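What follows is a set of structures to go through.
Below, chain A partners chain B and then partners chain C, in two separate complexes.
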Partner chain A sequence: MSQLNATKVEKYRNHFLREVEANVEEGHWVKMCMQCGVCSGSCPLGPYWEHPPQEIFMMIRAGKREEVLKSSSMWFCTSCYNCIARCPRELPITHIMHGLAHYAKRLGLAPQNQATPKFAQYFWDNLYNGGGRVNELKLGLSLYFMNGLVEGIKTALKMRKIGQGMYFSKRMNPFEIFGGHSCKDSQGLKAALNKAREIEEAKAAQFKG
Partner chain B sequence: MVKQYSFYPGCSSQKLASSYNQLRSTQSICEVLGIQLNEIPDWNCCSASIGYAGGGELPRLTLSARNLALSEKEHPGQDFIATCAACWLSSREANDRLNENQQLKTEANEALKEANLTFKGEKKVRHMVEVLIEDIGYEEMAKHVKKPLKGLKIAGYVGCQTNRPFGIAGESFENPVYLDKMIATLGAEPVENYDKKVSCCGGALMFSEPEKSQALVKDIIQAAYDGGADMIVTPCPVCQMNTEVYQEHINQKYGTKFNLPSVYYSTLMSVAYGKTAKESALDGQIIKAKKLEEIAAK
Partner chain C sequence: MAEKKLGAYICKGCGIGERLNTDQLANVATREGKMSFVKQHDFLCNSDGVAMIQADIDAGTVNHLVIAACSRRAKTDAFNFADVAISRANLREGIIWVRPATAEAQETTQEMAEDYIRMGCAEVKFINLPAASNEQSLVRHVLVVGGGFTGLTAALEIAKAGYQATIVEKSASLGGVAAQLHKRIPNCSPFAESQSNGIAELIAQVQGNNNITLHLNSTVTQTSGAPGRFEVKITQESGSTITANFGSIIQASGFKPYDATQLLEFAVGKSPDVVDQLGLEALARQANGGKIKRPSDGKAVQSVLFVQCAGQRSNKPGHLPYCSGHCCLTSVKQAMYFKDSDPNIDAMVVYTELRMPGAGGEDFYRSGQNKGITFTKGVVSEVIPNSGSLTVKFNDLILNEAVKQEFDLVVLATGMVPNSGVNIEEVVAAPEEDKTEAKTATAAPVETKLAAESILNLDYRQGPDIPQLVHGFTDSHFICFPYETRRTGIYAAGPVRRPMDMNQAAEDAAGAALKAIQALENAALGRAAHPRVGDLSFPQFRKEGCTQCKRCTVECPFGAINEDEKRYPLFNEARCRRCGTCMGACPVRVISFENYSVDTVGQAIKAVDMPDEFSEKPRILLLACENDAYPALDMAGMTRQEYSAFVRIIPVRCLGSVNTIWISDALNSGYDGIILMGCQKGDNYQCHFVKGSEIAHYRMSKIDDTLKQLKLETERVKTYEIAITDIQRVPQLINEMANTIAKIGMSPFKF
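And now, the complex of A and B:
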């Protein structure tokens, strides 16, 4: 491409697209979307997305930063990978949605009252603080009590029979409440994760628009 | 000759965790088939497909890179095997992406240095089903059948993450047939044209969006009944749990009368191989698989 042409093309690339390309997982693929909509039609929770994936891609290209990052949409991704399998342009859509969701959360823009952003954060905190392995009992309970004590007790009662079923089928250990499985080198793991985060955030800080 | 593999069990397969029954039945069939699963020492969680709120790309890749590095160090020359769909997907994704992107690989190794480990990218990451199909083969799997599962009709529910984005070599995303072939190998009859075979059960969103996810599961179970199934069989821990434990809630909400067992392929194989109900982890069912119990008791 000639220099002149490159400059002209650059003019049509807005800042948010560049930000997504620089800071969001697999974000460099966003420009490849051809708006066919197969992803949206293939999504099991598609009807609940305020902006289905192909719309999100176009909004990124249109520079709608707030609307995209504050959207509840990406948080309806069930990680079924249907969109990836079917995308004619082979965009890694699931990963881009996870990337956008993470980026929104990191910037403090993710919806406050939606359950999935909370649950997804609990999951990470559970493994990060729990010695590198998920404590299923504590994860479940943190979810039940996500909206306060009263709601939590109601949910726990509703889930009681399932809990008993899990216990009697040897698939739940009530003593996990006192701690459970974890890595021996949980310190090393935590240090590695902290380092990875530091590297990623340093890279993101380099983006100046 | 016993075949050796470097095994990543994952959080849900641990003792008394939600898919402990999958681990138990897998061990039972491995014994029959001459497969030795060597557990990767000190493995960690892969963050599944829901850890992304708190974990960015590099921290999540680092999680899997640590498991792969441990496997490279402790079990050189052995393929990296997972039974859990999410564990397999995360590990394979990380292995591929780090091997394709030198910068990410360098960064992941910079992080891993904190744990005195190095990811080289030498491993082949495989699903247990691949071991069975490719290394053992349908013919050999059939040879060990002592109690053919005659008269049983089974809906082979492959689900999402064992099927996409990687899937099993030679299979299609829209209609993979390996699970049906495995069912037939054991003497049972697979439900033909089970149209929810690769539909999503909601995955981890069963926890955060239960009503929306239960609506998906309702259709998966209804389609199995419509096909005349006695039970559902699946390779995935999340699929198994989601299709089994919420049936009563679904019945309450939709007025259905579901009571359909959902078992792992490993439980099914174990029973056909003549193992006891306990060895096959039939006690791990919340909805009892009575027909399998009867066969196991014979």
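And now, the complex of A and C:
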């Protein structure tokens, strides 16, 4: 995937915008932003973002490929939909944020140490390798041990009471740890997912340098 | 009119009868007002009441009426009697609606009403019936100066309305700047694509119209006369001159593009690849839908930058301080030329504020974005030509960083400079100062000021062109009275009065055409134009008394007064707007109107009953402009706001018509305070007579001397600028004056 990132992008040209339009969900909306800033002002996370949505859109138009795709900003989006509700130009901002995050992840550019992309990866692996169903026990444990064994045990101990409660109220089955159950045609699903990735990657490859 | 037959009618409707002792009012009207009869009616404005008055008029028992009822602004349809003089005493809006219905207030409220009766009776005796002079004739022919888009459209509108139009165009061809455009900004839904400029069709229509006469290569070398009888000399380049008569004139002299060579930082002139918007139109016309080529080497442009507000909206010397109003739309249109020929061309617009005026402006912007034009907020600091491209430095204000970027072509959105002709205020001022010095020595600087060529060459004492307001645009009110200028019967349309695009210019042309037609029709009947449309009265002047001080000729906002061979003022009825500023100016008071004069107001002022110094009943005179202040006072009544019972309000045509004699007479006869209310003055004026309020404020700034002479406090006279919306403020100002008097005490001039 690394060669994809060698794409030469000229500033203030349409290259990156076109790339976003082709590969990012709802990406064709980016050019319609009129930079009013209502989204940034409405976003509850706005103050914590490196680049609030309006700025991200301008950066895309300015051809700042690396900065946008490597940014942690989109990963902060909580899907509250405040921005969509308020954008005078009716941009589906939330969707674009997730689209960008997703695209960055696929290109391997998403920030490594941020919790949201990590979680997304665990979730995906759990689903993809677990036969098409999310195994909550495994997903939970993998999150506990995300930061090493010691941290994991500490967290597990801290959460013990909740775990017990879930067990007794039949919300969690400890035997799921030995595989759990999958969907009917898990191999078929995997094949479908692989094919989808192939198509997406072919599209993205057009923007190689 | 022969004998004045006086009669008064008092209405008891709308609560007047309950609140006021109308029998007592009738007494005042007969005994003091000297009315030969007084009639009371329960509902004067209903058909029965109106019929009663009409019967008296028809029977010849009355021809000068006082109608004591509601405001003169109310029930104008009902109390609309032909060929009689009417004075209206405002008992409703002016008294019962602004006074509390309490027993304590009763006495002063009744006194207020009695005074209004006295004032009405005094006024009506001095009103004469105006009749049109014989100056008038009907000339159904409008001169249109300028054969650009605005002028052509105006001429066509005039012709369509069944009148004649003559276009005088300085150049050899019609169409002006619009004809140089490849395409124009859309004027109809969906406002997504630029459209044909339509000039060829417009010219064909004009040329094919029998009601339109064309003079190319021609200028107006002299304009004299007045609406309804303008006499204009039209001179060809060759020198041959014809003279023609017109009823009214439209000045559509358009604009010049700003001289971009002053913008050194943008490498104008250094690289042929830096062009202004008109320069790009020329390139686009050459390409005619194909790829636009850059001038330097003919290479097809792959990247283009539009710099908004180049030399505009800036206070740097030589720059235009205003926004030209069309350039953002124009840049979107021009960026589309590129995107439409090839979507892969990079077209970028750098703006500080993007402005998309007009109904479809935002749609057009969206369409531009949709085509992939890049917009960014920023300030371009420099364009550096280098081999094969242009390096542009700009600050991206959204991403907050300095950028350096290569482009094939740079387009500067420079502004519009109006073709207003000579700035008469500058020119008139200059020679006066130079008078003491030898004429020859000072000829040079005056000459340079005259560098602008006159458009109209008016044979008016006040100068050859229409007065300007700011930035060299002809003075024509932006919002309230568009097209009107300070020269009656001459209307400004298009970018000569404010910057605009073709869509707006088309509206302007239609508006000015209607105004011009209205003006010539009114002139033919001897009636005033805006804002006293239909008024037949005009200034009468008693030559024997005139001291030739020239104040009237100078102060008339409309240049209506010339000078005769003996240097006496020469009034031009049709040029006059009936503001009365001349009447207010005249120190010997020899100017008056039939129905509005130093006497009609002065006698009303004197008619007020003046309680003595120890009565604790002060009297405040309020002279209120009939255009804004008086309606605001009426509305204060409609909204039942209370104000002092000591005020006596008289409407005036314009604050400019207030002669200082009224003020000094009022002070001498014991008024304790005087308030003047006019419209907003200055560059953002709302004064319906443009300069009236300003002149009045100036005159009143001198009134302090009079007050000091009389040993009166200066707080006793106040002048305010009032907007029609100041409904809460006007009662406050009245009450303030009442409080001031309570503090400083009564005037000692009571008799």
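Note that in this section the second predicted complex is superposed on the first by the 192 of 209 C-alpha atoms of A that agree within 3 Å, B and C clash if a C-alpha of one lies under 4 Å from a C-alpha of the other, contacts with A are read in each partner's own complex, and residues count from 1 in each chain.
By our rule, a residue touches a chain if its C-beta (ideal position, glycine included) is under 8 Å from a C-beta of that chain, and two chains touch if they have at least 3 such contacts.
It should be emphasised that the depicted structure is a prediction, and the values quoted were computed from it without experimental measurement.
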Contacts of A:L127 with chain B and chain C, given as first, second, both or neither: first
Touched partner set for A:M59, first chain B, second chain C, both or neither: second
Chain A: partner with more touched residues, chain B or chain C: B
Chain B versus chain C as contact partner of A:I162, first or second or both or neither: first
Chain B versus chain C as contact partner of A:Y48, first or second or both or neither: first
Partner chain(s) touched by A:Q35 [first = chain B, second = chain C, both, neither]: second
Residues of chain A contacting chain B in one complex and chain C in the other: none
Chain A residues touching chain B - in the complex, by the definition given at the top: 25, 44-45, 48, 76, 78-82, 84-86, 92, 94, 98-99, 101-102, 105-106, 110, 115-121, 123-125, 127-128, 132-134, 136, 140, 143, 158, 161-162, 165-166, 168-173, 176, 181, 183-185, 188-189, 191-197, 199-200
Partner chain A, residues of chain C touching it in the complex: 303, 344, 346, 348, 354, 365-366, 369-370, 372, 374-377, 396, 398-399, 403, 405
Chain B to chain A touching residues, read off their complex: 11-12, 14-21, 42-45, 47-59, 61-63, 66, 107-108, 110-117, 160-161, 163-165, 173, 199-200, 202-205, 207-209, 212-213, 216, 245-246, 248-249, 283-286
Complex interface listing, chain A residues touching chain C: 11-14, 17, 31-32, 34-35, 54-55, 58-59, 61-62, 64, 89
